[in-house]
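Please go over the structures that come below.
Below are two complexes that have chain A in common, paired first with chain B and then with chain C.
What follows is the complex of A and B.
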């Protein structure tokens, strides 16, 4: 094969992307190693996070020089991340299915592009705007009408904000798939005497199920990694697991951004390594979720091909 | 053969581009040095950021060649970047810790102005409230949960306190405000001192009703949205806090008086420690002795390496910092963020520290 300058330069550019991924993973692993050595599995099972006394001299603990009283346990943040994303999915899925079916079936074709563009526009609203809306509108609402303690910050607020952010992702994925269902299938179902509801639920939805699942997992990936909006409305619970949907929580991403500054005041650098370890966990979770999404949506493609 | 040739050609082209770029940069900077002063970078405390912008504007108006960039990254980042030599001036709400100074002995903590912090409350029907370090420590550790707790009632004779659960609000993000607040609790409450200590982040005890908020703006929003809450908010937000309808608590000082964060009481705290400030100026003004000395008062610091890479850089840093603590300490600058000027004895020490930058 001839390796001309064009081929070579494009190859170099193409390699840059996986190379940067490898560089990030290596950096996170090297940085987080001391923390896994220090905390072991307690890193995942403890609910207490404490940078320790970074003002005073560091002390020797379990063979390592760390700030006095330091303990790194991220169970609270893992729980906050998974719970808020899961509740967001529970809210967003029915909304998105309804919206997609409405756009595919109940809207005159002439105004469909305009309406579906509106849904897509929600997906490009910056997360900080969702966060502000959460602080000024959603939180007072939850505080006044729903929460027994009058406090609106917490798991529910974070989940609702996340649900709004991911609904357009699921809805547009599903809408695209519904529009690709062959006209023949839809019309034969009608010809067999099915009602409109039966056509949608029995003839169309089964064909797009794999795409729907792929879209949901893609949305889950977005929800797990969302930082700013969650940091603004979650109430930032630390050292305590949520007991109700009104409990303050911290997600992994919002915890990182909130503690980045304090971590740099530690002369042993252990706090920085601890933050890197938290980032590695988030990275692995989102990587797994996105890989699952890829796998599931490629499955969807095969199903459609066989149908033709 | 052809690969090698083409690679070689590409390499030569790349070298040529690099050479042209390098000449351009070098040429530009040597030309720049002739006319414009050395570029300086300030980074750190978000509380100091607006004030630094005012200072740079004022400094540039008398010194048109100055070239100073300001960024807001947080006190921890300001200190870390100044230590690593990435920036010339790190801005911090707290002085460098003993362990940091031991590790980096050439770093200076130079006070630039005086700031303080208010304890704000949102209690419907209550317009006057006295609080103390032990009461606040009790609230933030979950030992005091009701506004009509006997400890609060004893500090507030004649005030009708509601039988309602307290919502303590704390900073989620690392903050100089958390540093001075936790230092006040550590200095005035022995239990807090032995367990939670103080720092820009505190491992807050688990209390079911408590809340975390991001930034002073987030603290204000959370306190305003949650009746029966209490929050600690930097004094630069005093105007916004008042217009949001939050109350300002009087705090128990070391002499047993309840004092409000008025300019006089903050200045009283600063004056009470001015003469005992050590030459490296790393001193806490929290819970200081002195008549009517407000207990949560602190210096805002510039973190600078005394060992600068070049004489010209050191000169530019000295010149700018001198401006900040002299003309820059005028009320026209400081009153915009409710800061106060350095007392005369401290100014002398600060100028001595600035002279060490070489």
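What follows is the complex of A and C.
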């Protein structure tokens, strides 16, 4: 195909998308190199994060100039991210499966579009509005009724807010899949004498399992990178691993957004590099999870397809 | 009469315990599913109610006519900032996104197109705070723009271009191939076919994409914290070296303050943001029925 000037110019503009992605990865990698050199694998295994004394003169440590007492370990943030997302998935999956089944099978077709639109709208509420609602409604509730210390901020609050934010992703994915189950499969199950609920749970759900898992992994990718709402309700715990669902935590994303001012006064720039390394880790984690979701939903791993 | 009734009851044997168990389980299952749906929709209703009531009661003329520092005062500078960031982000993103969509739909059925599509999906899945930090080290620090309107607008543009590209691509693909063939057969060149035939035919889809991108950029916070900074005054007209305020920043700072004036300000800002985002999304969904874009 010959490339005329028009095709070349739209191609050039389209190439800005991969270019910006490559730039993001390159810059984060270059900026995080000094930190990986300084901390090595301890970056992932240490629970202590300390920007050091950025106001004072830097100190030569392990052959590098860093702020005195600086230590970069993100294990606490990795733990906070994985725990809050995992609990969010545990809460969100049953809710979304129930919601999707109810929408697909129990709701009259006339009001189904309105209700499914409401479910979709949950996904577009800005993260920060979720956070504000979390502080106003959820935190007092947890603090008053559940938490033994009376403090609502922490892992559970972050997980619940995350769960609410990702339910529409799982629910709409599953709803679309359920609506596409062939009529014949439903009707044969009915003909065998199954109750309506058995038709759904035993005949239809197994057919959409692969799509459901793809939706769950996609939701996981969203939960891992969710920033503002988590930053507002998680309690911002640092340098200590969570011991209960009420412990204050930080996720990787919430830690980044909470530490804008930390690099100020640091003449070695190590603080800037350190947060770049944290951002790079978050990017790689979400990339891996989203790639897994894509593989699952594209059917590359969908072995059962051959049967029909 | 009585005879036929007794025959009927005899023909229908008593339900076995297994059948009773199955019907009880089914009924319980439906109740559980219904509760699931309520728990998904309930919080949305509560959010709209809480933010709506607290936000609307904080509205006053002063709110829209005076500047504020994010904890007290009005929202004029924040509203102006959000408007400007969104406006310039759209200026940058719409041409790029639509052009990319044109490439992907019209000329992108090859390996290069697949690569661009894949990278675009990766960019969509990237947490916005990572984008914000990238812009911070590149625009704010390395290029020395400081916190500024341009850094913020470019960051938001990077965030929404992939959405625009994919939605435009989907919209253009709905235009029948016969229309393209007819235009080419009349001797039209590439630009004429795209601008006079395909784009007009897919305009509603492209506008939908732009509106959804607008909603995203109004509601974003994390990428702006590292790029826009904050200013308690109106914009002085500089694209770089001048921090700028925005609505979501007010929500982010004011919630930490103990006084009720700051809380009222946070709810007012949240209400404005939520109204824009929800109205756009509801409007788009009502006009474009059952078309899933994102």
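To be clear about the criterion, the second predicted complex is superposed on the first by the 298 of 308 C-alpha atoms of A that agree within 3 Å, B and C clash if a C-alpha of one lies under 4 Å from a C-alpha of the other, contacts with A are read in each partner's own complex, and residues count from 1 in each chain.
Methods note: a residue touches a chain if its C-beta (ideal position, glycine included) is under 8 Å from a C-beta of that chain, and two chains touch if they have at least 3 such contacts.
Keep in mind that what you see is a predicted model, and the values were worked out from it rather than measured.
With the C-alpha superposition on chain A as described, chain C and chain B clash in the combined arrangement. Once the two complexes are laid over each other on the shared chain, residue contacts for A:57 go to chain B alone; chain C is not touched.
When the shared chain is aligned, chain C comes close enough to touch A:115, but chain B does not. With both structures placed on the common chain, the touch criterion links A:135 to chain B and to chain C.
Looking at the shared chain after the overlay, A:184 reaches neither chain B nor chain C. Within the superposed three-chain model, A:150 lies in touch with chain B and out of touch with chain C [touch as defined at top]. By the touch criterion defined above, A:225 reaches chain C but does not reach chain B.
Touch counts on chain A: comparing chain C and chain B, the chain ahead is C. Of the two partner chains placed around the shared chain by superposition, chain B is the only one that A:238 touches, whereas chain C remains out of contact. In the superposed model, A:4 makes contact with both chain B and chain C.
Once the two structures sit on top of each other via chain A, chain B runs into chain C at 223-231, and not at any other stretch of 43-51, 187-195 or 223-231. Where the contact sets of chain A with chain B and with chain C meet, they give residues 4, 9, 135-136, 232, 257, 260. Of all the residues in chain A, the ones that touch chain C in their complex are 1, 4, 6-7, 9-11, 13-18, 20-21, 23-24, 27-28, 31, 94-99, 101-103, 106, 113, 115, 117-122, 124-133, 135-137, 164, 167-168, 171-172, 176, 195-198, 201, 221, 224-228, 232, 253, 256-257, 260, 272, 275-276, 279, 282-283, 286-287, 290, 294.
Within the complex formed with chain A, the chain B residues making contact are 2-3, 6-7, 9-10, 73-77, 79-80, 97-100, 102-103, 165, 167, 172-175, 197-201, 203-214, 218, 221-222, 225-228.
Residue ranges on chain C touching chain A, taken from their complex, read 22-23, 25-27, 29-30, 32-37, 39-41, 43-44, 46-47, 50-51, 54, 95-96, 99-100, 102-104, 106-108, 112, 115-116, 119-123, 125-134, 137-138, 141, 158, 161-162, 165, 189-191, 194, 215, 218-222, 225-226, 248, 251-252, 255, 266-267, 270, 273-274, 277-278, 281-282, 285, 289-290, 292. Residues of chain A that touch chain B in their complex: 2-5, 8-9, 48-51, 53-58, 69, 135-136, 139-140, 143, 149-153, 231-232, 234-240, 243, 247-248, 250, 254, 257-265, 267.
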